[in-house]
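A short worksheet on the structure shown next.
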Amino acid sequence: MDTSIWRPIIYLVCFMAFAGLNAAYLGWCERKGAGRIQRRTGPMEVGFHGLLQPLADGLKLMTKQLLVPEGVDQILFRIAPILAMIPALTSMVVIPFSDNIQGRAVELSVLMLFALASIGMIAILIGGWASANKYAVISAARAVSQNLAYEIPMLLTVITIVMITGSMNLQDIAMDQQGGFWHWNIFRFDKSIFMPVSFLIFFICSVAETNRAPFDMAEAESELIAGFMTEYGSMGFGLFMMGEYLNIVVGACLTTILFLGGWSCPFGLFPGVWWFLIKIYILIFTFIWVRWTYPRTQVYKLLNLSWKILIPFSMVNLLVTAAFIKVF
Amino acid sequence: MTVPIQCRPDEVFVLNLGPQHPATHGVLRVKLTMDGEYIVKAEPVLGYIHRMHEKMAEAGSFAQFMPNTARMDYLHALAYNHGYVLAVERAAGIEVPERAEYIRVITVELNRLSSHLLWWAAFLLDLGGFTPLLYAFDDRERILDLLERITGSRLTYCYFRFGGVYNDIDDEFIAGTRDFIKRLRSRLPRMYHDLVTHNIILIKRLKDIGFITPEQCRKYGATGPVARGSGINYDVRKNEPYSVYPEFDFDVPVYTECDSMARYMVRMDEIEQSLRIIEQALDKLPDGPVKAKKVPKILKPAAGDYYAAVEAARGAFGCRLVCDGGKSAYRLKLRSPTFSNLSLFGEVAEGMLLADALAFMGSLDLVIPEIDR
Amino acid sequence: MSAYWNDVFGGAKSLAIGLSITAREFFKPVITMQYPWEVPEIPERYRGHIELVKNEKTGKPKCICCGMCMRSCPSGCISLVGKKPEGEKKKVLTKYELDFTKCSLCGSCIESCNFGAIRFSKDYNLASTRKEDYVFDLLKRLEEQG
Amino acid sequence: MSIVEETRKALLQLFPEQAAAEAEAEAAADAEAAAGAEADTDATAEDTASTEEAGEAAGGEETAAEPAAPAKEEEPAEEGPRENGVLVTDHAARGTHLDVLCDPEQVVEAAGIMDEAGFFLEAITGVDWIKEDRMEVIYDYNQTGPDPCRVVVRTFIPRANPEIPTISEIHPGANWHERETHDFFGIKFQGHPYLEPLLLPEDADFHPLLKDFTP
């Protein structure tokens, strides 16, 4: 049987289901997590412990009218939410969940992921600009400057990894870290002594890239109402939200693959997709945990952090890695 | 950090912050002329919740105005109760029994605590931190429960009466208050200071933001924590003592940094001072009646004008009562502290970033119904 | 330069402390109440809207229709009518209405009443979309209470 | 010298007549005291210095003497029209320390004196005395020193033409207070930079705190 047709279709269905489920239920997880941190219960009414809440929310959003205010750019206004969702979904294709679960093995998958991530930023820009709302425009401008600032340290740390592995294929990077946790890039002190710092930088950058608190300058509900989402209602808003959660999933996957050994077991036993899932959900929980702990930063403080701390640190790490690889 | 503003007239735009905006805590509208994210000019527009309380005071008897006082500064309602009651008592020459004075001080300080806790929570919300809000509400809820037990209401208290208080406090209230003091003391360092005050993000957002010089404070008549954050040691409770405040040993926290962080710290320190006052008041609480005996049902103070000031959570609240010998106030002027505190917003916010201006606004601790009255 | 390193390390430490606090709270029990399923205890002095008090002996309201409550109310939300039935000395209450839309629950009426004929109720579940629902006929309410 | 005395002296600049009368009385009292107690001291030296020293010397005595004085002074003030001047009031009874009555033109000067003395403006308010057909404008001043001193400056303006100069240039905080007073009483503050309704709607042409206002 020729698997070349079926394989993509099966994967497409599975990945779509995975992505959709995550997008819907991460909202529930976030609300539950926030509730626990704040010593509340979170959603409780719809279904057992509010498990059907995402369905109810989805139903509500879908049955609402998609309001397109007067004076907005008709086409761009409608495109933006879709554009926020699609790249995040597409990113799923190249992520290796396990040594044999991967939508499509792309040789330059790291580059592809970052290219797609930038489109997400453009969606925010378009959405904010097309809304013809001053808050939305400010938000769009903030999102762009923030994303530009954070892609640099992020890419610098990725270059470090690529130098260590010698490949831009996520599958290769993950394979390279098989075995116990001492093989993971985060603890590879033989390549560079600053790898944990590098991991931290990458994690901070992925929080910033996904516009999550404390870097949610673009959304900033106490300053900009809801930023680029101000004028969106119904599923337009829903797609933005889903896109945000998917971006978190992608960010967690990427962090796991680049630093935490992908699907490998910390003790070198039974590697498999479950380890991968455990790792990404721990990371996602950290995203939620961080969001509900800190106040929001401010645009200039954020850029200062990027340019004055993260970029120099990742530069140093890059040089140290290069030196280590050359020497040893 | 100072960033020069480059502004060509054709590049500015007007941003209406409010009247419905999450950061304005009610219905304040600020007309901002912006150059990008920098504010060129800020003009607060008031009056969205103006109810003309001062006219209402002229319409009814003195006692009938009592419930209105709680509806101005709904977060520190008892201070407004207190200010009004003091003014009328001064006009009618009513002596208040000592126990009633102590109960007044205890409840006012409890109310001040709840006001400061709510400010803290809402301020963190302005800065994007959600969780502290719930932690502060946990504590605040206990104050509300305590006050509800004795006053009967949770927010807009109408507890004070001319010559005393509505009814007496009981042992359960005293025990509950002592428990609460213990609880808040144990929670302050960790849940408030470690989680938030020492947080680098918060420090970076508040330090050196929103400078108010002492001279500006004076020129605009700013009082309360805003003035104390600018190094002005002024607290009506100390400088012009009323009620039984001279009996208590407490400090007035003053910070000279003049920035938002200083105002934040003043309020955080005031929480501790209020706890001290309540503790001492509970220790010294005398026995006796809680209401003066011969208070006529219909008050007819002698003609003339009378002034009474109290320290509300947001600054000096003044009550100017003009009487013409009738049974209602001829004119009642309510001097609300935030009205003056907000009036310097326009001058200070010039040249600020939008995000900083909102943090600065939060540090002023605005209660809009109090400004508009 | 030392300020820079202070910021980096001190800042990182403060952030870690913050995370440790919220993590600890995460595992502590919930302190809220699931409201419609659990109902808080209402304190004795709770101020709901006012209601009439019954004279235990006669079963009639204690009110003697002096109208003090009506006069003391700051917003004029009480209206009462008393009639003198033939052959009796005292007035009998025939109508006692409270316009709750104006009431601010200050308790002036209760304080002004020298006969203890009105008190605060414990009702707080009041919701309606119609204004007329908030004109309470307290006499009827008293009868319903039995 | 206490802050109340100092401020009182500063405010007396507004009222040369009262100042002169007081200086005279003080000089007389001083001379009497000097004559009584130290008859052999050089009286001429005392006299020449009196213009400067009278107030200071009086400061100590007056704090004791004044609380009694307003009781005498105030009673007639309620009945007959009060003279312009500075009055020391009993804080326990009134809540203020100094009570100044001046002409409408003098409020700016008074504001300047208060500003120099380090006072801040607490509030401005009007009172509509409809029976006397005039309006009162009250300025509350306060200061943040360790000793309390509240000063109230009041002035009367005709009800038909309520105009008074603005003090918003001296106390920027007065800007809003004056706008508010204009809202409520229709008092026009001449020279005010932006006398638009503050608390009332933009198009409000009524003044609710006037006694003859009917909604």
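So that you can tell them apart, the chains are marked A, B, C and D in the order they are listed, and the count of residues begins at 1 in each.
Convention: a residue touches a chain if its C-beta (ideal position, glycine included) is under 8 Å from a C-beta of that chain, and two chains touch if they have at least 3 such contacts.
All of these numbers come straight from a predicted model, not from anything done at the bench.
Novice: By the contact definition above, name the pair with the higher C-beta contact count: A-B or A-C.
Specialist: Pair with more contacting C-beta pairs, A-B versus A-C: A-B.
Novice: State which chain is most central when centres are taken as means of Cα atoms.
Specialist: The most central chain, going by mean C-alpha position, is B.
Novice: Take the average of all CA coordinates in subunit A, do the same for subunit B, and state the distance between these two points in whole angstrom.
Specialist: Whole-Å distance between the two chain centres: 43.
Novice: Need the CA-centroid distance for the pair subunit A / subunit D, whole Å please.
Specialist: 67
Novice: Can you compute the centre-to-centre distance for subunit A and subunit C, using the mean CA position of each chain? Integer Å is fine.
Specialist: Their C-alpha centroids are separated by 49 Å.
Novice: Residues of subunit A touching 2+ other chains?
Specialist: In subunit A, 37-40, 292-294 touch at least two other chains.
Novice: Two or more other chains in contact with one residue: find those residues in subunit B.
Specialist: Correct list: 131, 135, 138, 195-196, 199, 201.
Novice: Quick one: in the complex, what on subunit B touches subunit A?
Specialist: Its residues touching subunit A are 1, 13, 15, 21-23, 34, 36-37, 124-131, 134-135, 138, 195-196, 199, 201-202, 204-205, 353-356, 358-359.
Novice: Which positions of subunit A touch subunit C when the two form their complex?
Specialist: Residues of subunit A touching subunit C: 33, 35-41, 44, 289-290, 292-294, 308-309.
Novice: Considering the complex alone, what residue numbers of subunit B touch subunit C?
Specialist: So the residues of subunit B in touch with subunit C come to 60, 63-68, 71, 131, 135, 138, 145, 148-153, 156, 158, 166-167, 190-191, 194-196, 198-201, 297.
Novice: Any idea which subunit B residues touch subunit D in the complex?
Specialist: 46-47, 50, 52, 54-55, 58, 87, 90, 93, 217-222, 227, 232-234, 239-240, 303-309, 316, 318, 320, 322, 330-331, 333, 335, 339-340, 343-344, 347, 372-373
Novice: What does subunit D use to touch subunit B in their complex?
Specialist: Residues in contact with subunit B: 74, 78, 92-96, 118, 120-123, 125, 127-128, 138, 140, 142, 144-148, 150, 152, 171-173, 175-177, 180, 184, 197-201, 208-209.
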